[in-house]
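Okay, so chain A shows up in both of these, paired with chain B first and chain C after.
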Partner chain A sequence: MEASTLGWVANMAASVGLSIAILVLVSLGLSVLFGMMGIINLAHGEFLMFGAFATLAGVRSGLPLPIAMVLATAVVAGFGWVVERALIRHLYGRLADSMLATWGLSLIMSQVAVYVFGPTTQGIPTPGGSLQVGGYSISVYSIVLILAAFALLGMVYAVFTQTRYGVMARAAVQRPQMASAIGIDPRRINALTFMLGAGLAGAAGALLAPMVGVMPTMGEAYIARAFMTVVVGGSGVLTGAAAASTLLGGVENVVSYLSTPFFGQAALLVLAICLVRVMPTGISGRLRRKL
Partner chain B sequence: MKSSNSTLRLRLVTCAVVALVCLALGVLMPEFAVMQATSWVLYGLLAVSLTLVWGHGGIFSFGQGAFFGIGAYAYSLAAINFLPVTNETLSSVVVATLAAAMLAVLVGYFIFYGNVGDVYVGIITLAMTLVLFTVLSSTADPKYHIGQAQLGGYNGISGVPPLTLPLGDGGTALTVVQSYALVVLVCALVAAGLYILLQRPFGRVLTALRENELRTQLLAYDVRLRKLIVFATGGAIAGVAGALYAAWAMFISPGVFGLSLAAQVVIWVLVGGRVSFAGAFVGALLVQSVSFALGGGAGDATPIVLGVVLIAVVLFLPVGVVPTLTRYFASRFGSKAAQMKSSQETDSGIQRLKELPFQSHSRGAALTAVGLEKRFGGVRAVQEATIKFEQRGVHCLIGPNGAGKSTFFNLLVGRFPPNRGAIELEGRPITSMKSHDRVRSGLGIKLQVASIFNDLSVRENLWLAAYGRLRNSASADRRSAELIDWLGLEERADDSAGLLSHGQKQWLEIAMVVATEPSVILLDEPTAGMTREETARMAAMVRLLGQAVSVIVVEHDMEFVRALDVPVTVFHQGSVFASGSLDVLRHDERILDIYLGRHGKEHAA
Partner chain C sequence: MIRILPWLAALCLAFLTQSPAIAADKEPIMVGSVLDETGGLNVYGKAMADATKLAIKSINDSGGVLGRPLKLVTYDAQSDNSKYTTYANQLALRDRVAVIMGGVTSASREAIRPVADRNKTLYFYNEQYEGGVCDKNVFTTGIVPSQQIAPLVDWAIKNGKKKFYVLAADYNYGHISADWVKQYVTKAGGSVVGTDFIPLDVSEFGSVISKLQEAKPDVVFSLLVGGNHIAFYRQFAAAGLSSHMQIVSATFGLGNEQVVLSPKEANGIVVAFPYFQELGGASNDKFRESWTKAYGANYPYITDSAVAVWNGWHLWAMAVEKAGSTDRDKVIAALESGVGFDGPSGKVSVDAGTHHLVQSVHIARANESHGFTVIGDQQSVAPGYERSVCNLIANPKMARQFTPSNAN
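Take a look at the complex of A and B:
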């Protein structure tokens, strides 16, 4: 194969892979909360924004980037725990109300971010430079993001299959009464799950921070796509998120490449709505997988 | 249902009076106040669209802001292009309304005909709003224009023509007060139209739909179509509001697709109370004027105020602010609360079991299932099920748990399609029909859990059932009266059905099934949760129904099956195992094996 063809292929693969990875990152936390708790967290985008700003603050105060990211994730997870205790636990089983309350939270969070960090776009320099393949340059950080998305998927899988908490959480979501009858405390499980979902949103924000502009409204930019991914994916936490991200991310990227990002976004919406008509319970509903 | 006409008249008169007061205020108020008031009234109209869709249709839509925005954009684009030609912009308002309604039909089709769950409706409509924001924000390039009008990207479209009448040279733009008057008029007409619509049978079906979608469907109503109609109407109303808003502001930007407006619509409705149209206007007026009073639309703090209000309302006042206040004052001044009737156990059910509850044209029909198969993943829940049910008489389906009888029942009901095989009603194939069409073709369905409309009166429950089949309000009135008489529930006809005893609810549901004039009746475990005495009466009732039509009963209770003394089909491992009278089957060793779990060699696997 000629070097330039190889370069083109590598470039396309990285670009499609990046689109998919971003969808996985931004939708995984939402998907965990929806699949495990049946909660739609409308403040998900703001949790993500919080993670990005926490990373930014960490880097500005002199921490190395990876440590700032881990800390940011932990901070957002902790914040998630507080939110669950203060707000969400009153709203289990009241789907519409939990959506409205988290929506209120999202409005407050983004405005508070404006007060604290100002309305302007800020950035962290993207680390890693770029690779040259056959005349195309591929950002190293985008490959890091793709790997990170895989790693997070693997981690969530491990948490739900290998840990005591994970098994209890899966039991609690399948048969809540039975679970509490055998001594699983659903309140503790719910708090932990919400923490996990929030932490994943925070991690997504932390990982995206060096690549995109960090600003108070950045949550809105991702939330629509995250929702679409969860709708198309259904309630299967991993299969849904992974399959829907691949499909939607792939299509968005290819359409954007062939025309403009304007049509890429529009194609994503149209495809998602059409898929919902065919598979109302999402891809994972079709696969009948719960994880 | 007679008193409701006077309620409607009262509402329409109130509507007209309020509109006149608003018009009078418009003349008296200073011009800048009229200007401000116009936008608040339009916000109220937008809130009305959500009240209709959410409060009355039970559709959790976050997309009303988007339809408002589409209406505004469509008006702007149409008016800029049409005004030089037609010298007016009223046609553009119509165009905008249609555009918003069309988008609603399109999105609604995918949502409702895909049977998407309620959560998804919220997410999809919200995501649609956000994507429209992104899409319209990225139209800054001059190549994005429609006719004369530039879309303008993030900055939006300025120089949108105001409302203009085709008078004089180049048309005459309406003054501030005239525009206000027109807006008030449109709102009054929309409100009046909605009051009338909800008074009609459509409105009653909507109430039923909101309360129990499955039962509504099993009374022969196409719920998807009705939801689509409500959603489209809501979209159209939001579209008109948007068009008039763009004409008022003479400017429109993608900001209308932002989360802030979408949230505000919900807040107005939450404050005003979900089901009240008047409340929608009050909510919008209250919230907007308070945030206006807080200083220039509350400035930067607006989102925080909105967020706090959302959370506070959800946590502390889940029914809405205005209804809570009304209730508080009502109980404070002790007006009506004392009238609550206690749920007395008057055991009245079915005294006159001798007479058949059917109308003369009701007749039995044969139902045939041929080679039905249903797979769930790798499991064959039902396979090769072939049964012919006679035109009249009762037939029982029995079998241990997991034998496939419930799946078979659901295939007959039309809950899901079979993977193979056919179902015929009186020789006509119904295999691919939806439940509501099956009911219309003569299938009467009672599910295991009594699913009646708890918040509607006994009379309304029966009326809905009769109307689903008769499609005539007056005959449905007569029919429900007959059935109330048959049930012996005259005393409680106007009580909420939820106040009935467990047994009475079961009888009511049977009467509702009867009201759909079925030729075949499907009953899923009709005696579940019944006392011994009630079970015996149910057996008498089922036998009685069997004299006129074909009755198919899925049952666990062998006592009941024995009491019926009718042909029985035994299901085992998804297929028809044996048929015949219970006496014959009782001597069949294999059936004892199945029921006692004595695994013979042949089903050791």
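Take a look at the complex of A and C:
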């Protein structure tokens, strides 16, 4: 293969891979909450935004970026636990009410961010330089993001298959009565699951912070895409998020590349509508995958 | 409930608007402002709102207008275009203000303009924009493409950069300005090898960066707008493109992009505006001193839009003094008689036929210290295109916007 062709392929792979990775990152937390608890968390974008601001605050106070990211994720996960205890646990099984409550929560969270951090856009410079491949250059950080998306998928898989909590959480969602009959405490499981979902949103915000502008309204830019991914993916947490992200992210990026980002967004929406029409239970529903 | 809301808003405003200290015994002149102080567009609106308050204070401190203090009524449009129509109506009909200033995006201007026209309330739009508004009732103090895009294109071509790629925000400002870039580039002997319109909620530029790498332009002309689009400059630098492509922009800096980005990411981006904080001159020194006194030494950066707002209020106040009345027609006549002053950005004066400003334009490069280094200037630049299509002295009834596609 010629060097320039190789460069083109590498560049496209990184670019498409990044689009997919971003969708995986922003939708994974939402997917966990929807698949495991049946909760539609409309404040998901704001959890993500909190993660980004927490990272920013960490970096500003002198922490190295990776440590700031891990801490930010932990902080958002902790905040998720508080939210579950104070608000969400009263609303299980009441889909419309929980949507309304989390929507209200999202408004409060973005306003709190305005008060604490100010309304203006802020940011962290992108770490890492760029790689040269056959006349094309690729940002190193975009490769880091792709790897991070894989790592988070792997981690969620490990949590749900390898840990005691994961097995109990799956039992609680698949056979709730049987699970409580054998002594699994659904309240504890739910709090942990919500914490995991919030933490994943926080991690997404932390990872995206060095690539975009960090601002109180940044959640809005991702929330619609995250929902689309979860709806198309269905209730299988991992299969759904991964398959839907690959399809939607891939199509959006390629169409944007061939035409303009406007048509890229339009293609994503059209594809999502078609997929939901053909597979009303989502990709994972069609594949009969629970995880 | 709906009927109560405006009254609640009025009640809140009564608490919020500060009463002027001087000339308070005389009946105040009501003036109005609508800007985006919250939401995604407040990256632009915040500095403009601060400039509004400071301008009103400075006018009141020097004795007000016609011996009467100004009383400012402000509304926050929250980056929601539909609110502009509502608040412009409230300012014109309920608050009965002598002048409405405001609007951040061109879309918001086009929401206010018909309301102000219909209610015969004088309107000032104080922000850089795509040009061509020709309306007896409207004055604009920001620069237009013939004062901004033309010098930027000339600068690039003069430096041997002939291949342009245009990235523009996907609404009226971006589309019309992209037409302008194409026209000026073609006229100057360069070529536009690609144009992409980016929706305002896009913050992932991977596909755009791939396309840039393939088209290999010398110059990327950015007409990107808002907080999400800041990500482009970051991802462009991270992909290592800044070493072989020059970004020039008509919008970079208005949202303090050079403060948000690291010097490594912003360094070298070339822009053109009338005002930069770094400009010399006694009037800028004085202006900066009063700004620092009001908002502290740590203010991120006083944007060009903030100075356009400052100029708008002072030009209007001068015209009212000259007219001896706040009557709309008399004030318009006074503005058309050639009101001008030595503002923070240099000399500015109202161009009678077009209702735009004749003003200095400075070309600058983003530097290592989150600011700009001025690298060139043109004095007293006229709104050339507007002059060629718009003459409000000869056609006082005109109220429309000319664009390059409908003018040629």
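Side notes on the structure shown:
The criterion applied here is as follows: the second predicted complex is superposed on the first by the 291 of 291 C-alpha atoms of A that agree within 3 Å, B and C clash if a C-alpha of one lies under 4 Å from a C-alpha of the other, contacts with A are read in each partner's own complex, and residues count from 1 in each chain.
Rule of thumb we're sticking to: a residue touches a chain if its C-beta (ideal position, glycine included) is under 8 Å from a C-beta of that chain, and two chains touch if they have at least 3 such contacts.
This is a predicted model, so every value here is computed, not measured.
In the three-chain model built by superposing on chain A, chain B clashes with chain C.
When the two complexes are overlaid on their common chain A, residue A:Pro261 makes contact with chain B and with chain C alike. In the superposed pair of complexes, A:Leu87 makes contact with chain B only, with no contact to chain C.
In the superposition on chain A, A:Asp97 makes contact with chain B only, while chain C stays out of contact range. By the touch criterion defined above, A:Gln162 lies against neither chain B nor chain C after alignment on the C-alpha atoms of chain A. In the superposed pair of complexes, A:Thr5 makes contact with neither chain B nor chain C. Contacts of A:Val114 after superposition: both chain B and chain C are touched.
In the superposition on chain A, contact of A:Ile273 is made with chain B only, not with chain C. Applying the stated contact rule after C-alpha superposition, one finds that A:Leu105 touches chain B and leaves chain C untouched. Shared-chain residue A:Glu220: touches chain B and chain C both. In the superposition on chain A, the residues of chain A contacted by chain B and by chain C overlap at 114, 220-221, 260-262, 265. Chain A meets chain C in the complex at residues 8, 11-12, 14-16, 18-19, 22, 114, 119-123, 125-126, 128-130, 132, 135-142, 210-213, 215, 217-218, 220-221, 253-254, 256-257, 260-262, 264-265. Across the complex, chain B meets chain A through its residues 60, 107, 109-111, 113-120, 122-124, 126-128, 130-131, 133-135, 138-139, 258-260, 263, 266, 270, 300-304, 306-311, 313-315, 318, 376-377. Against chain A, in their complex, chain C makes its touches with residues 37-40, 42-43, 46, 170, 196-199, 201-204, 206-211, 213-214, 227-228, 230-231, 234-235, 237-241, 255-256, 260-262, 264-265, 300.
Taken in their complex, chain A has these residues touching chain B: 34, 38, 40, 42, 87, 90-91, 94-97, 99-101, 103-108, 110-112, 114-115, 220-221, 223-224, 227-228, 230-231, 260-262, 265-266, 268-269, 272-274, 276-278, 280-281, 288.
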